[in-house]
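The same subunit A turns up in both complexes below, where it pairs with subunit B and then with subunit C.
Right, the complex of A and B next:
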């Protein structure tokens, strides 16, 4: 078997947060034992509620944060041993907010050229690669002298994508790339990402809280809860037959535009997950509608990609 | 008789050259016990419409309407004092970001009680009892404890529940909710919307719910108004709108959605080319014409709503 594009093993990230001047420090376990493997050319979707650790996992994969434990191999190489320039050629991010992620004082041509300049590419080659990249994301190269403030949200996100792809990285990591966009713009960006993925044979990680979008774009899906991946499966299988009770609740809460169905009862109660106070046993048990006695005592084993006592015989 | 009747609402900001029309013709009505959704993309005028109804527009805004009635009474000419009485009592509002409407310096209990005693009088204790009862109603466990907490001690979902409970303190007849679940997780959103729908039905409230999410519309609205560039471009019973959208914009919007089961995974999604126009002074006609494949010369003149009861604002027959 060929080397996967990304191989993550027992990855952990703990933050220490001080409360006030004299408060006792809390240990936030933002990522708590993640093991994942993404084959080359595949798209992995990561879903889960706010604060479950998606962006922290993303920053660990990008090498923007040091891990507390565990490892991330990108194309077989340990990210923490690579310098910034080598990392930039392997993996690039696109973030949620196209308003704050682009420097307002630089023209969009300069913004897209920046990664090339950082790699020592110069002069005419930079210009032609920027023009080609802009074209690929559907922005006319004539617009290169404009500034971010003169662009719409969708155009800015196209620029962010152009900047991420101009070095021809092998992997693109998108953290909520369409969450700040209107649906008519979101569909354009999703179509663009799908085209680029195919034509450049990119491996993609796509983080989103919009499950319909993830179902549309991902090959495999990882469901995160309190820092762990509680279920991982092929997208079709996961959406057709979710196995973990949390995945089921998450899918049940999606309001598809089908009139007459009403709003479902998700059955999760009002206890919210707190990564500085992870429950013993199964971390989902305080909200789980089908928990059994064992759930608050024993950590569920991982069976066929899902962590739940009910799934192990 | 309808509870709220809005016809030809127009709101502009600024003066002279810098004038912009934020709302150019919003018309809809809402009956008691009905949920009406206003849906549209960012900047189309949803929030301005709701603020205009509540009389809460920023300074420098100009509001005009052919008709603006609440429970049969003209509210376009009320004094600030009269309007404020109405807002505190018979009409209540919930905003997207609860932290902007909760005071961080006071406990949940004292803020909730204040709302009631200020408008309806009575003792503070009676108001606190009512607050605890309502917190229970909106699904908050241990309401007694929550009354003593400060807003920052609650999660986003709990704060939004508190906002709903607070909005119900004075038994309003009309509840206006502007994107009440947009900042929340899908799981919490479903819980809050389910709660709103239940309360609306039980209390016979008129609910004007503003959202950009067509999934929310489909699941909770009885009727829906689609706004685009400051105008209501379509107004229909929810089932009719989704089954047979009449305005080209609504049709385009529905095709942009990745709907599981309807759109194959990975298949290209529909899209609407171009951008929303800038509504400069003197802008008239269909705001969608720069993006519409059916556009023709007449579209530059004002286009009327037609086709009752499934209203649409387009010169081309649907």
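Right, the complex of A and C next:
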């Protein structure tokens, strides 16, 4: 296999949280040794519950936050060593909330042109590329003079996608791109992303807490728990035969539309994960329904893409 | 009812601005022309008023209406210039502190605290007293002293905008920091700053009048409303209008600017963005 489109090596982020004037500062390990790589044209889904570090990971990959350790390489180039223009040509984001990701004071045309302007592209070329890009995301170029407040949530997200793709980046990083949208609009946006991914040969990172969405769009899936990837596998394999107990719990927690079933019991107990106080050994053991004595003592090694003692035994 | 303030304030302010801009054409007399035979003529609603002096004359026989109209110029120019100078200082400091945080913000906060601990009127009096009175000096002193509210509001609003995704998107798109500040942050905090601008303008006009009243503002014979009140002080027992005509003008203008500011604040506060 050739070099992967994007390679994430031992990425780590620690925050220092001060507690009052005399309190001892605590370290919060939001992202803890994440290693991932994605071949060109593939889509990686990252799933996990709220607060597991998904969005911090997204910000680290984009370089919006400086990493405490580790590196992100796109086509062999370390993103943190590139200047802002070169980095922008390699990786672009689509954010969750299309209401806060578009500047309300700028027109649609200006918003989509913004990355080109930042690259120093001349006026006339900018206009034609913006019009072309708007058409590709299903927005009439006539709407370029409108403002975000005049658009629906789905249209706004199309604009956000147009802005991300107008530079023809190699990597598209989508951080929960559909979770702020109506269910009826979600599938439109997902299909648009799938189409664009094929036609532009994009490599995509797709972060979501919605398992159904990830199953629909991702080739491989990484499951994140307390800042760490606990299982990584082909999408079909992961959903058919989840190996890590946390993955199984996540899959069990999906609500079904069938009446009478109620809220599923996932057997995780009431303890909530706290990234400022990560348990020793396997970080999942306090909530794990099948934990054994060894789990609280040793960090589990990764076996076939999953980090669990029971698999290696 | 809630919208009436913005209209009333806007209408009065527009009238005063028009009067100030077209002062040479609408003023019936030269505001500097003295006529010692017609000193302290009474305004039109009093017994024995002179038809050519609608609002009477002052102690040197100068037409009061003309001086009032030219005085609007002084008030507005000083108010506007002070807002420009203090706005430039305050917005720059506030945006930098709010956007970068950390050390930069510490310095900005320190400067704001320093500024807040300086008594404006005292320093203005001392500086003008030392260097002599002139319009430029009044603008410079007030401009350098009234930026604190701009800085506080710019800092707070920038901190909110800084964390929004469109700023992150602009950063990820390769925009430079100055470009992010100018085209992403500034346009989105401008509405809040406009409200501060009206408050500061009203305050600057009042302070200019106060300084002029003390003889440390604009130099005579320039027709400033504060100076007119000061000059009429000795005659107020027998010719009270020489004080309260410019007094009412000052009150009306400041009230109009404040009404406009309140109206703008309500308008922007109600808007979704």
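What we mean here is this: the second predicted complex is superposed on the first by the 304 of 313 C-alpha atoms of A that agree within 3 Å, B and C clash if a C-alpha of one lies under 4 Å from a C-alpha of the other, contacts with A are read in each partner's own complex, and residues count from 1 in each chain.
Methods note: a residue touches a chain if its C-beta (ideal position, glycine included) is under 8 Å from a C-beta of that chain, and two chains touch if they have at least 3 such contacts.
Not measured: the values here are computed from a predicted model.
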| item | value |
| --- | --- |
| Side-by-side fit of subunit B and subunit C on subunit A, or clash | fit |
| Contacts of A:239 with subunit B and subunit C, given as first, second, both or neither | first |
| First (subunit B), second (subunit C), both or neither touched by A:119 | second |
| C-alpha centroid angle, subunit C to subunit B via subunit A, nearest 10° | 80 |
| Touched partner set for A:292, first subunit B, second subunit C, both or neither | neither |
| Touched partner set for A:152, first subunit B, second subunit C, both or neither | first |
| Contacts of A:102 with subunit B and subunit C, given as first, second, both or neither | second |
| In the superposition, subunit B vs subunit C on subunit A residues touched | B |
| Touched partner set for A:62, first subunit B, second subunit C, both or neither | second |
| Which of subunit B and subunit C A:49 touches, first, second, both or neither | first |
| Minimal inter-chain CA distance - subunit C and subunit B, angstrom | 15 |
| Common ground on subunit A, meaning residues reached by subunit C in one complex and by subunit B in the other | none |
| Touching residues on subunit B, where the partner in the complex is subunit A | 41-42, 139-141, 155-158, 161, 185-191, 193-194, 197, 212-220, 238-239, 242-243, 252-254, 256-260, 263, 265-266, 268-272, 275 |
| Subunit A residues within the subunit B interface of the complex | 49-50, 152, 182-184, 186-188, 190-191, 194, 209, 211-213, 215-217, 235-236, 239, 249-250, 252-266, 268-270, 272 |
| Complex contacts: residues of subunit A adjacent to subunit C | 59, 62-64, 84-85, 87-89, 91-93, 95-97, 100-106, 114-115, 117-119, 149, 160, 163-164, 167 |
| Subunit C - residues contacting subunit A, complex | 164-166, 168-176, 179, 183-184, 187-188, 272-273 |
